[in-house]
Structure formats: C-alpha cells, structure tokens
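Two complexes are shown next, each including subunit A; its partner changes from subunit B in the first to subunit C in the second.
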Partner chain A sequence: MSLLAADLRAFFAAALKELRQQRRYPTLFLGQLFWPAILPASWVLMGRAYSGDDPQALVAFAERAGSSNVAVFVFVGYAMYNWLSALLWGAGTALRQEQLRGTLEAVFVTPASRLVPLFGPGVGTLLPMALTFASNLLALRIFFGIFPPVAAVIQAAVIVVLGIPALYAIGALFAASVLRFGEVAPVVQLIRGMFVLACGITFPVAMLPLWAQISAKLMAPTYIVDDLRGVLLRGETVADVAGDIAIVLSLAAVTAILAVAVFGYLERSARRTGMVGRF
Partner chain B sequence: MGEIRAAFAIARKEIRGFSRYRIAVASTVFTPLYQFIIPAFLFGAAFAVNGRAVGLATTLGTDDLTGFIFFGGLIGGLIGMAFWGVAFSIRVEMDTGTLEPTWLTPTHHETLVIGRALGSLFWFAISQVALFAFGVWVLGLRLRLEMFLALPAVLCAILAMVGIAYLLAGIVLLIREANFFVDTANFLFGMLSGTAFPVTLLPGVLQPIAFALPTTYAIDILRVQALGSRPLFDPALEYLVLIGLTLVSYPLGRWVFARAEQAMRRRGMLAQY
Partner chain C sequence: MTAAPAVETKDLVKVFERGRRTIWQRLRGEADKRDRFRAVDGIDLVVEPGEIFGLLGPNGAGKTTTMKMLATLLIPTSGTIRVLGIDPLARPREVRARLGAMLSGERSLYWKLTARENLEYFAALYHVPPHQTKARIASVLAAAKLADRADDYVERYSTGMRQRLALARALLPDPPLVVLDEPTVGLDPQASRDLRDRVRELKAQGRTVLLTTHYMEEADQLCDRVAIIDHGRIVALDTPAALKRTIRAEEVVHLEIGLEGDEGGAVLDRLGESATVARSERSNGTLTVTAHCASARNFVPAAFDAARSTGTTIRHVEVVPVTLEDVFLALTGRALRE
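Take a look at the complex of A and B:
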C-alpha cells in the first residue's frame, strides 16, 4: 500500500472514530436541535422590539443590512454562529481532548502523517453542522412561517459546501494553537466572540467602525454569511458571488498552511521540551 | 447564629475558589459583553433613524436603547447567578467528589444553598459594576437617580431567585445531565422574563408563563423607574404580584429541595451522577 493510501485510510479511521464517539453521547445532539431554533428566534423578537414595526426603522435597517427581512437575516447569522460553535468545541478542541485523555502521545507514535490527527476530527463537525442547518430552516418555517425559495436554498447549500474548507482550516488552526493553553474553554469563548463581533453574525457589518470592517474582510465567515444573505434575501446567484467564493477558498488555503506550520512548530517544540503530555 | 456563620464561611470559600481562576473571573464581565451587550447594542442601533431608536420608542415608550439592554442584563445576571452560581455549583461539588463530606457536616443543607447564593451575589455585584462602568464610558449609558426607586423590586427579585435556586438545586441533585438542563433553563427563564425583549412580544401561549415569573415584574419596574418606559401593568399592582410571587417561590423552592434531598437519601444517589 502506498504511503498516501495508508494516510487516507488513517484519515477515514480518525473521522470514523469521531463519529462513533458522537453516537455514544446522544444527549449532545439535543443542544444541536435546541439552540439553532431558540437562539435566533429570541434575536428575531429582539429585532421586533427594536423596530417596533415602524416603517422608518425597518428602512434604516434595510439600508444597513441589505434587506428588511430581520428573521432570515438573523437565522443566517446564527447558522454561522452554530457552525463556528460546533467547529471550535468539536474539531477545534480535538487535539486538546486527546491530550486530556492521555492519547495524544499514542497518536503521535503511529506512523500516520501528522496531518491525520490535525484534519481528521474535522469530519466529525459535518454531522452536527448539517443538523444545525436543518434545525435552523425548520425553526424559521415553524416559528415565523418563512421558507426561502427552493432555488435560493440550493444555491445557499452550494455556498456552504464551498465554505467548508475555510471553516475546516479555521478549526485545524485553532486545534493546533490551543495546545499551548492550559484552559481551553475561555479561549473558545473568546475566539467565537471575536467572530460574532467581526463577521456580521447578529448585526450588519456596516455598524462596525471602519478598521473593524477592514479586519472583517480577512475572515472567511464574513464572506460566507454575506453571500448566504445575498442568495436568500437579495436574489443573488452563486455566479454573482463567485469573487467572494474565490476569496474564501484562498483564505482556506492560507489558513490550512498556517495550521500545518503551527502544528509542525509545536510538534518540534514538544520533541525538545517533552510537553505533549503536559498541560 | 451558627448557621449564619456557616453561610458566610461557604460564601467565603466560593469567592476564594472562584478567584483562583483569573480567566473565569474576567469572563464574568467579558462574556456578557461580547455575547450579548455589544451585539445587541449594534443590532438595535441598526434600526436607529437619525441616531434615535424610534422603533424601541414605539414598542416601549423610551428610546434609551443602551438602558434597555443594560437593565435587562442586570436581572439576566441575577437569573444566571441562581442557575450557574448556586444550582450548578452543587453539581461541580458532585464532580469534584466533595459533596459527600460537605453533606456530612452538621450544617443544615439549606444553608449550603444560602452560602452559595451569597458568594454568587458577590461576583454578580462586581461584574455588574464593571459592566455598567463600560456602558457609561463606552456606550453612553445614562443613569438616572430614579432608578434607585426600583431597589425594593430588585431586592424582591433576589429573594425570589434564592427560592428558585433552592428549586433548581433540588432538580440538579436528582438529574444526571445537569449542564444541558441548567444552560437551556437559564436561557429560557431569562427570555421569558423579558431580559432581551418585552414579554408582550412572546407568542400568546408563553405569555402566561412569563407573567408567573417574579423576574418579569422586577425587570418591568426597573425599566419604568430607570428609563421611564411604559409599564406592562400599573406599577403598584406589579409590586403586589412581585411580593406575592416572592412569598410563594421561597417556600416552594425549600420544599422541592427538601423532597429532592429525601429522595436522594432513600435511593443513596449522592455520589451518583
């Protein structure tokens, strides 16, 4: 068996392990049904309080957000929020979990490529992610009676699929970076909070100061959220947002290279200091 | 007297224990800021016309967006104190294996809850001072002296939340998946109390539940006094209902806690989770 084929087998084995572990803790899926439905619904009600159904207020919101449909605007933002949550708490903390369980050293002594433990757990995020999107859509339909046109939903799905590599790479970069920290939960909260504030998840990016708007352009989730709102709210097509998709894929490549470099650096450092088992 | 000393000793232990985790202490201020206050402020500001929250004025009778968010957050913090600071801390003792020795001390078990509530109130006060300071300096929060007229309502809400903390502690002692329960129940309790939006916007089926919560009236009285917002009902009637619900929730919470403890003793499940 060639080296590449062996590594691919190891990659799928790592992915299968993650999925098996998720199956063993079915109560975790309750959260993936509850939060994607209730959290955005509460923000839509906040939007109603802030707008007061005042036409002037809704026009002001539309000018800043590109649409006066507050419900879809919020639900799309929260789809990204839940995706980021699943990513950071799942794939993002996978290496750290291995470290806590004392299995990271065992993984390191296998002949598989280091890219396997770095990128394999990301597959485990795909299932919660799909469940989250389904809950989102269902809640939008049940609570607010809105279901976007099927053609727009299909185009949104294409944008999500094309966005997966970028989010995957963010998860891998985070997973490699947090190996350095003793306590990972506050770091997850901090990074997720940064994305919430910078990427236009609950409010339009236009509300941010100029420097923050420029920083937001360096983050893939900003483009993905805006493109999803474009196809679902503004009648744009995938072709219209092709430029953004190219940027997202480029950011994915840069982030993945950075993740490999950080992981490589930490591994070399670990060999010298023997810190793999210490945290 | 001995029980009061024990309650303060427990509070001191809780304060000391939590203060050892500096990042966790900082996150009591930073987490509400970036998870709720700043996003809610920018979301609300997106509806502003010529810098004025005209939509909020239509809904509530005040265009003070920052005040609306902060005073809702104040009672939201109080609710979080009962759920996480008291009820979930019992679960943490279970996880660390120290609940059994604590249970064997001659202190009344009800005092364990009171001590935790006192410790949580300390961190609640610190975090609210820091959050309000941020609000005044960065988001232009305006504080009116009239807000102190709502102090009796806030005190009533604190007492009511201690009663609810007893009730929650009883549930946490009996269930195994406490994290999901506390997390979701805390969120729903806050939303149904009107921390983020007026309860009149809730679907009709949920409004009776909202009107059965003491915190709904505490938030409304606080907003009426501090922001001059339109009240849900006559404030005198709201005070009356709030006092009534406080008087009910405290003994109800104690009763549920006592029943949970009895069930736990009978089934021998103190160390099981």
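Take a look at the complex of A and C:
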C-alpha cells in the first residue's frame, strides 16, 4: 500500500471515528433538525412584519436580491450560515477536543500525515449538514408552502458538493490555530461574523459599500450562496454559474494550500513549545 | 556486525520559556524577557536493542520531555537523537512507523468508542495493511486480556484496563521499540503487576522497552538498566544492582528521634561515626534520619548509645534493604517523591 493510499485510509478512518462518536449523542441530531427550520422561519416572519404586504417593499427587495421570494432567499442564506458555522467550528473543535482529551499526542505519534487530524474530522460534519438542508427544505414546504422544482434542488445539491472543498479549507485554516493558541472559539466567532456580514448570507451584497462588495468577491461563500439562490430563485442552471464554480474551486485550492502551510508552521511551533500536549 | 542502538542521544537539550509573550509585546518588538528553563540539560543515552531501560526520577526531572523528543512530539533545542538508527528530526514518519508509544495513558483513548473501534482507528493511522488489521487487533486485544470486553465502550473500563488498551494500541504497528511514560501511574497493585508482566512479555518477544517511572520498585524489578535523572541530567546509569552497590551500604536504617532542645546536631554527629547519614529532617521535635550502614546489627545499638549520650530518645527504628530510592538520595540529597 502506497503512503498516499495509507493516508487516505487514515483520513476516512478519522471521519468514521468522528461519526461514531457523534452517534453516541443522538439528541444532537434533533437540534440539527428543528433549529434550522424554526430560526429562518422567524426571520421571514420578522421581514413580513416590517413590510406587511406592501408590493413596493417586495419590489425594492427584488431589485437588490434578484428575487422577491424572501422566504427562499432567507432559508438559503441561513443554510449557508449553518454550513459555514459547522465547518468553521467542526475542524477546529475536533482538533481542540483531541488536545483537551489527550488523544492528540497519540494521533501525532503515528506515521499518518498530520493532515489527517486536520481535515478528517470535518467529514463528520457533512452528515449533520445534509440533515440541516433537508430540514430547511421541509420547513419551506410546511411553513410557506414553497417547494423549489426538483431539478433546481438537484442543481443546488451539485453546487453544495462543489462548494464543500472551499468551506472545508476555510475551516481547516482556522482549525490550525488550535495548535498555537489552544482555543479556536474567538477566531471562529470573528471570522464567522465577517462572513455573515460580507458574503450576502442574510442580506444582499448590494447593500454593502463598494469596497466591501469587492472584498466579498474574494470569499468563496459569496459565490456559493449567490449561485444557490440563482438556481433556486432565478431559474439559473449549473452551467450558467460554471464561472463562479471555477472561482470557488480556485479559492478552495488557494485556501487549502494556505491551511496546509499554516498548519505545518504551527505544528512545528507546537513541537518547539510543547503545545501539542498542553491545553 | 552489531545492531545499531535502539535509542541514542548525545548532549540532548530542551529549553522551554516560562510565561507568555503577549501579542502586544510582539507587535512593539519588545525583547523576549521570559525565563528560560532547561527541562533536559545534556542527556547522553544509549539504549541497546532488546533491553528494558528505565528513566527513573522525580516529577519534573525531564523524563517525559526526553520521551516526547524521542517520539517526535517535541523538537530538541540542541543535541542529536537516533531512534533505531534514524534521525527523528529528518525522518519523523519513519521513526513513528517503528515506534510504539504510550505517553498519556488512559487519556490517549477515545472513551466514547469501544476498544475495537479505537484500535481500528489507530490501525489505520499506523498504516497497518487492511488485510492484516483484523488479525492484528485480535492479537493485541488477546495479549492485553481484553478480547472479551472488546466491544464495550472504553468509558466503562477500569483504569487498569484502559492502560492495557493504551499499550495494546501502541503495539498495533508491531514495533521493535516501545516507549512507555509512567505506565503504572494511578494503577492499583494488581493492575501494576499485570502491566509489568506485559512489559516483560514485550522483552521476551525481542522488543526494546524504554520506560519512565518515579516508582523505584518498578525500575528495580523491571529494568535491565536504569538512568537516574534529576533536573534534566543523568546523575547515574547502570543496572539496578550496580547502582545499589554504589552507595556502599548493605542496609538502610530509618530512625525517628525525639528531641528536647537543640541536640539534633550532636546526635547526628554521633550517628555519623558509625554510618553515613544520607538524610535528616527535623519537624515538631522529631528528627527523622536515614542512615546507610554496613550492618544494622552493629549500627542500631550504636544509635541507641548515641541517643542516650545526647539526651534524646529513639522512638522508631526500621531496617530495610538498599533500594534505588537510597541511590537517588545519596546522589541528590533528596527523596524521589520530594
């Protein structure tokens, strides 16, 4: 077995280990089902409370958002927020828990690539995220009577899958900081807040000042959330957003390379300071 | 051709900084004024293949830091290391593939997984070939006497069972070298005996075992050779028997002497005429003395004479054989547990 094949096997074993541990706490999955349905629904209702049934308000929204369907716009934004949170928290939290538990040293004395504990546990967040998306769709149907066309949902799923590497890489980049600083929460809060503000997750990017709109173009979530809305709200196809997908994949590659470099640097730093075994 | 040493270190040093340097201090470019602490201070070590080698010393002596450098978890400040002839700084993955390490005991396991699930995960991390994984796991579980509890969650195990599982995990790659950091800490006497038996089995299988301990009995009973380490330096290195011979005493006598006033110095002077006073400590009117002597049969009456002549009273006498604790005491003036 080649080294790469052995590391790939270790990678999937790390993901399986994470899923097995999640399975021990089945009530966590309930949270993944209910909260994603309730919270965005409350935002939509709040929007309706502000504008009532005023058609002018909907026209103004459509001018900025590209669609007057507030419910789908908000639900897609929330799904993106949830997904981003899970991946930002997932990898860093998994690494931090390994450190706190004392298992990180045991993992680091094996010949597996250091990238296994960095990237492997993130896979464990994918199943709960799939549940969240399903819950979002169900809530749209139950609360607002909306169910996007099946073809659009399938194309949205394709965009989600193609977006995974980018969000995964962002999560891994910040997870690496655990090795140096021991705690990932402050960094994740800051970065998550920045993405929520800058990437059009809860409101259209057009609302931002020009410089912020330009900055948003450097962030993969901006494209992913816009493309999801494109196929679900504006009748676009994956082919129509292929250019955006190429940008997202390129940003994913750049971020992943950066994450590996930062992780390598911080891992060496942790081996100098003894931070691997400290918490 | 002779085999390369299992472990070889030359002038190994590890320096840590105490305290933190804040981001503000870094941004302002302030000089790094943190204290520097030499956890390992020039260790030269050669561990031969097939032996059980012990690093014996008190907490904070530098044992674990040394182990972590050998296991590639820490980068030395200076000095050289060869593990099975390989430089762990240049080729860390090759070292890890040949090394079974049990460094943080029961904390190194996933308690929410079963023993089998733990081992399946680590087998993948150790790059055990897939077609060998099942048999390898069955083998290490059987050797650890955990086969019948393999599908129980680790959280339901006793501390001793978790330690055995941690050792089983370390053996998954079938390593020629096993490093164990304080393997019996926190175990009851029976569990400690079981684990020591496992370590002897490892030697019988031809593996080299390097372990740290602060239990003198463990080092004495288990190790072919022992390095006594204190303040990051090796203060003695030999077989347990040879180390015990260095203090030139056949027996050790512990005395508790009741004092009325300032007679402590006088009675110690008198005791010193017939034995080596290795350690004395005065507390609440009691002088506790550890004396190394050739014969307790001769020394104890002399001690009573000394007490009578100085107006003190011997309250308790205990005669014990020489141990590695006494060697440490003779070398450092302190007990291992201090």
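Miscellaneous remarks
We take it that the second predicted complex is superposed on the first by the 273 of 279 C-alpha atoms of A that agree within 3 Å, B and C clash if a C-alpha of one lies under 4 Å from a C-alpha of the other, contacts with A are read in each partner's own complex, and residues count from 1 in each chain.
Here, a residue touches a chain if its C-beta (ideal position, glycine included) is under 8 Å from a C-beta of that chain, and two chains touch if they have at least 3 such contacts.
For clarity, every value in this text was computed on a predicted model and none was experimentally measured.
Room for both subunit B and subunit C is found when the two structures are superposed via subunit A, with no clash between them.
Residue contacts after overlaying the shared chain place A:P204 against subunit B, while subunit C stays out of touching range. Of the two partner chains placed by the overlay, only subunit B lies in contact with A:G193; subunit C stays clear of it.
Geometry note, superposition on chain A: angle between subunit B and subunit C about the Cα centre of subunit A is 90 degrees, to the nearest 10.
By the touch criterion defined above, A:M46 reaches subunit B but does not reach subunit C.
In the superposition on chain A, A:D54 makes contact with subunit B only, while subunit C stays out of contact range. Looking at the shared chain after the overlay, A:P111 reaches subunit C, while subunit B stays out of its contact range. Of the two partner chains placed by the overlay, only subunit B lies in contact with A:G31; subunit C stays clear of it. Applying the stated contact rule after C-alpha superposition, one finds that A:I146 touches neither subunit B nor subunit C. After superposing the two complexes on chain A, the shortest C-alpha to C-alpha distance between subunit B and subunit C comes to 15 Å.
Taken together, the two complexes place no residue of subunit A in contact with both subunit B and subunit C. Residue ranges on subunit A touching subunit C, taken from their complex, read 1, 3, 6-7, 9-10, 12-14, 16-17, 20-21, 24, 101-103, 105-112, 116, 268, 271-274, 276-277.
Residues 21, 23-24, 26-27, 30-31, 34-35, 38-40, 42-49, 53-60, 65, 177, 180, 183-184, 187-188, 191, 196-198, 201-202 of subunit B touch subunit A in their complex. The residues of subunit C lying in touch with subunit A in their complex are 16-17, 65, 68, 71-75, 93-94, 96-97, 99, 101, 103-104, 107-113, 117, 120-127, 129-130, 153, 166, 169, 173. Residues 27, 30-31, 34, 38-39, 42-43, 45-54, 56-58, 60-61, 64-65, 183, 186, 189-190, 193-194, 196-197, 201-204, 206-208 of subunit A are the ones touching subunit B in the complex.
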